[in-house]
Amino acid sequence: MNRRSGTGYTGVPSWVYVIAAAGSLFILLPLVAMVAKVNWPQFIPLITSESSLTALGLSLRTSAASTALCVVLGVPLALVLARQPFPGQRLLRAFVLLPLVLPPVVGGIALLYTFGRQGLLGKSLEVAGIQIAFSTTAVVLAQTFVALPFLVVSLEGALRTAGSKYDAVAATLGARPTTVLRRVTLPLVLPGLASGAVLSFARSLGEFGATLTFAGSLQGVTRTLPLEIYLQRETDADAAVALSLLLVAVAVAVVGLSYGRRRSSAPVKEQL
Amino acid sequence: AGSSNTPAATSPASSSSSISGEITVFAAASLKATFTKLASDFEAKNPGTKVTLNFAGSSGLVTQITQGAPADVFASADTKNMAKLSDAKLIDGTATNFATNVLEIAVPPSNPASIASFADLAKSGVKVVVCAPQVPCGSATETIEKATGTTLAPVSEESSVTDVLGKVTSQEADAGLVYVTDVKTAGEKVKGIPFPESDKAVNTYPIATLGASKNKELAQAFIAAVTSADGKKVLDDAGFGTP
Amino acid sequence: MTFDLTASLPARNFEMSLSLGPSETLAILGPNGAGKSTLLGVISGLLRPESGSARLGGRELFTLDGGTRRWSAPHLRGTALLAQEALLFPHLNVLDNVAFGPRSTGASRTEAREVARHWLDEVDALALANRKPAQLSGGQAQRVAVARALAAEPELLLLDEPMAALDIHTAPLLRRVLKRVLADRKAIIVTHDVLDAYMLADRVIVVESGRIVEEGPTRQVLERPRSHFAAGLAGLNLVAGTLGQEGITTPDGRVFAGQHDPDWSLVAGQAGVAAFPPSSVSVFLGDVHGSPRNSFPVTITDLEPHGDQVRVRASSGPSNTLSADITPAASADLGLAPGMEVRFVVKSALVSVYPA
Amino acid sequence: MNRRSGTGYTGVPSWVYVIAAAGSLFILLPLVAMVAKVNWPQFIPLITSESSLTALGLSLRTSAASTALCVVLGVPLALVLARQPFPGQRLLRAFVLLPLVLPPVVGGIALLYTFGRQGLLGKSLEVAGIQIAFSTTAVVLAQTFVALPFLVVSLEGALRTAGSKYDAVAATLGARPTTVLRRVTLPLVLPGLASGAVLSFARSLGEFGATLTFAGSLQGVTRTLPLEIYLQRETDADAAVALSLLLVAVAVAVVGLSYGRRRSSAPVKEQL
Amino acid sequence: MTFDLTASLPARNFEMSLSLGPSETLAILGPNGAGKSTLLGVISGLLRPESGSARLGGRELFTLDGGTRRWSAPHLRGTALLAQEALLFPHLNVLDNVAFGPRSTGASRTEAREVARHWLDEVDALALANRKPAQLSGGQAQRVAVARALAAEPELLLLDEPMAALDIHTAPLLRRVLKRVLADRKAIIVTHDVLDAYMLADRVIVVESGRIVEEGPTRQVLERPRSHFAAGLAGLNLVAGTLGQEGITTPDGRVFAGQHDPDWSLVAGQAGVAAFPPSSVSVFLGDVHGSPRNSFPVTITDLEPHGDQVRVRASSGPSNTLSADITPAASADLGLAPGMEVRFVVKSALVSVYPA
């Protein structure tokens, strides 16, 4: 009963809250259990160690880059999938989802087969003097590969739900398709795009298997925080867990901030 | 990649020669602690050198090297993976075995199932976790099972030692079969129970310079450092045996 | 600079062909579901007909005949559509909604906002400039939508019921604005209000079931309607039949007397209609034998106040409704009520007869 | 120019197609490279081996179960996050996303800390005679843990985009919140829900790290296809890649079918 | 079984209080943005006022006073709202849209569909039963939305412009249906058409800027309007001032003569209005010195056809518009055009004067 006056209808059945609470607990409890296990005196030196900080910095930079790449590649893909039906659309959609299913390690192998020195494109790239594997670029590529489907799928859902009524109106007012896209379509699906971008960023931040295989684990170059955590775990599982908390904290900050900004400028207010 | 077959330089190099430059060492994840120390010792002793380390599972590293990863030295956790590279003529000369490892039973400190011997693992009601036969520690386990005629009924066949250890430290399992070095690394969280049958399956760690290395001299120097007395000491401290 | 269109869209049982002179305004009238919005959709490029072609001035809008399938996108057509729903962009405020058209066609932000302010002022909605569409009432949103369509300054303006949801003070205001704006511009306006047709249109088209049933200068169509729908709009009663010297003969064989235009030379047997205003109809309870020769037995369906009169609506057969305007006193005297069977009597002097 | 007559406006700028093609290639090329590497004579025996088929069956069953669990827990969560604002909503949203960021292995550890014998809940469960670790239930829990955020995030985006106008109308017609949810809200966001479910299913199908850590790896009980692939890789990377193709094929089939069904019954057709 | 409401929502400058007797129908009239839809939103539970309370029969809708903050959800209120937008559920076909209400309140699927078919038939839309809302025209959707609201069989029916977008044949049909349905039911109907008020409502309320400005039985309000808005709706001219023996004195000091109801005892100085129909107004070009004592200098804003007359709209000061109905011939003779300054002359015998 904390509705404010003047707001529209927001009836959510009360049992929904009960299940939602259960769902939240299912996710929160393991996190709490993790926090409970942290060896706090050991925690600060661990997360401020040079290797941790280098890894964190690398993780943030590469995740930001791959999120940008996901948006650039994913928005067009989502548009093509959501708007006009064309032959093979269903197949394309299924293929775009594949990196989700592929165990990341296998994804990494596939990337090696493509961009590695012996790979499909890698040979030509090598001739051109470009080496991708085992570089920071490789990290970004690996993260983009696994994170792209997230952006595409959530944006496609939002685009379908939003429909194209407003796009049509904009076109009749003389707006070119590009203008329509920039000034109407995208602003209207901003919540979906934001969700997609956040998902991609989070997935990139947590990416491990494909990076390890495709980019290797070289400190400062390709060893992102999840890889650092993986290595820590070889020697001390609890330290790894503690280090994960750093990742979690960063993610909460980034996600909280980005969602926050989005909500306060939330454009679509419901009329009754 | 080309596979130039230079004869192996086995002379224990003194650290006074004028070597410099950078190398990348691909090493099995289980060597993380020791190789990190070995590399920094090596850099300290040889100013102007830089050793970059890349850790992952041995088989993953083999895939990377096969696909043209820019590595100079490969240290494997088993001979099988090294063999893949030598079969593919990707190593320079022959590999050197620099450490061994044997299995040990790891139990939670309280030892809830009162395990004292390898045979105890087969008792009913004991939740034992082993490595899957596909990975080195699993094939070692299989060898020991065969040799002793004891058949284990594990609740899980993990794909790495770390996972076995994880199950034991979390007390999910009553016992696990891991390497001595792993028990040592885990410290207080597990108790190691050595068993005599472990010598039926000794695991050997080989190291080799890779054919594609751009700084073979430095690579040889690093391998020499690993196999030197100082290197052995570091490895010994971690629980590795001498081949 | 004319506009010509022929289009058919069988999925909606739509087939029309029309043209528009320079700076002519056309009103489209017709019942719900007749295809008025479909027509505007086809012109603006939101709907693709199955066949047909259209040109606006020198520009080809589409040509979909046999092999040729050329189609120009909505934004290249020089048309602007005010759709039946206001559909203001929910994420832009009112000012930016109206500025959207100019902005899209190349104006700078400042210019576009200036234009938007001008049009908002015209529709008396400048005070709403900073609101989001969700904060507008229905009529306010409609006004802003009209301003948005006008601000796009198209070559051909398409307005789908621009006066819907407007209050009785705003509607005349907007009608005045439109009258001024449409004076030197091609426009097509869909409306259910005959006043819009009178005030704004040079010509009207009456559509029914996806076809044009009547077409002509506004006054002619509304004063001499040939379709029941147009007659209804004009507030006239209509009886159809075949023309004769006396008047018309209805399908059930009765002769209905009326006046023809003296200079028309009648072809006997030609289809014709008789039109007469409700004020020319008297209501009787029993059978009558007076001077008016035209009378119908009818069943009252409805009594409505109409100015200071009462309008009696009645049905004289399956799909024909007639109306009579009588004084409230007469209505009370006769004790009229829906369902009663009465007789409508029409003075033939007030009946116009002309070919259908 | 393959629009059919009578369809509404679907203007997509042409450069969008170019980028979309690049995006598709980025995902498709590695898959092609993978296929190119398959040793076909070895392929059939490999994928029809008993261990592969067992793993595949287990994967399908557990993924289906965890997708169902995700829907059950995730729909209420998404509703609560999308509809009425409440204090702490942003924080809750950020937390719900965490399993995305957490390296799966760490997620598995956190689950162990919770449901394991020594865990937060595990002790009580043990007393109640329920043992989760090393069971198929553990696999489902691990998959649900990592897949839940996908459903929540994509559904929340769709719910926000759809707004609550129709819900309000339904309520004024006398529908209880539960009825509104079942007959209006969910049908309207069906595209978003479908995307979310497909994402969850795909993520569950590909789940590896958390399962390995939390549930272990025993043939027929907890060794899902990704775990099997990982093991295969220890001995033969190419065999692992080949086996991944099986996973990919299954995913394409499931995703293609489920999306196909959704599209053909797509309810919201645009009016101009 | 009555309905009482007091509510204020300062965010929309809304403050109203009204009540409804058993089976009474109330029409809400008022300009765009006056708060009509807001009122229906508050009653139906879609908007939460800041304070106030409402009861419908024995049921409390809300009590939001100081400490007490009880609020019952929309579905528990026994009201059904036809909103200003049709908002048909896009995923259900027309039949299931209409069946939604009965189904939600406990009917079986078959029963609900039966009810739905009945109401669709009433609004003449049964043929559309299997269509999806996206396949309907604007007027068709509106009709279905009306059927959906009626099918919910609420205790209090709330209709926001139910006749919007309907063609001239459908509107009377729907009006008849509503008349029958509303006869024994409480209803509140928002409309811009005075005919709806006459035909359907027992009582009307005129709202402006979120406040009730006039209220009373329909005939009384429309025949003796006290607000400009109501006068405009009733098609009457209105002049406000203070009552005197002769008529009223306008704020600028001129006396405007008219007839009072003989039995009213006038309190001099009391505020009053003078109302007169456009047909009582003559238009002159220069100054006049005839028997009619009431004359105004005005500026013509507009000429509109009105039946067989021409309606001349003119402004006599900042916010006051007056209308005159004259013959087209007279208009042509005088050469009237918008912008001209003319004089409106009213016979005092046709002016009614009464307290405001």
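So that you can tell them apart, the chains are marked A, B, C, D and E in the order they are listed, and the count of residues begins at 1 in each.
As a convention for this text, contacts are C-beta pairs under 8 Å (C-beta built on N, C-alpha and C of every residue); 3 or more make two chains touch, one makes a residue touch a chain.
Predicted, not measured: the structure shown is a model, and the values here were computed from it.
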Applying the touch definition from the top, give me the chains sitting in contact with each of subunit A and subunit B.
D
Most extensive contact between chains (C-beta pair count):
A-D
Where subunit B and subunit D are represented by their mean Cα positions, the distance between them in whole Å:
36
Per the C-alpha centroid definition, the whole-Å distance linking subunit D and subunit E comes out as 54
Rounded Å distance between subunit B and subunit C, as computed from the means of their C-alpha atoms:
88
Within subunit A, the set of residues that touch 2 or more other chains is 3, 8-9, 11, 105, 109, 113, 119, 165, 168, 171, 176-177, 180, 188, 230, 233, 237, 268, 270-272
Which residues does subunit E have that touch at least 2 chains other than itself?
37, 45-46, 73-75, 83
Identify all positions of subunit B at which a residue touches two or more other chains, and write them in rising order.
60, 63, 66, 166
Subunit A residues touching subunit B - in the complex, by the definition given at the top
105, 109, 112-113, 116-119, 122, 131, 133-134, 212-213, 216-219, 221, 230-231, 233-238
Within the complex, which stretch of subunit A touches subunit C?
165-166, 168-177, 179-180, 183-184, 187-188, 190, 267-271
What residues of subunit E sit close enough to touch subunit D in their complex?
44-46, 73-75, 78-81, 83, 87, 89-92, 100-101, 103-105, 132-135, 148-149, 152, 154, 158
Spell out the residues on subunit B that touch subunit D in their complex, using ranges where they run on.
57, 59-60, 62-63, 66, 127, 129, 132, 134-135, 154-159, 163, 166-167, 170-172
Once bound in the complex, which stretches of subunit C touch subunit E?
30-34, 36-38, 84-85, 136-140, 142-143, 160-161, 164-170, 172, 175-176, 192, 195, 198-199, 229, 232-233, 235, 277, 301-302, 304-305, 307-308, 313, 338
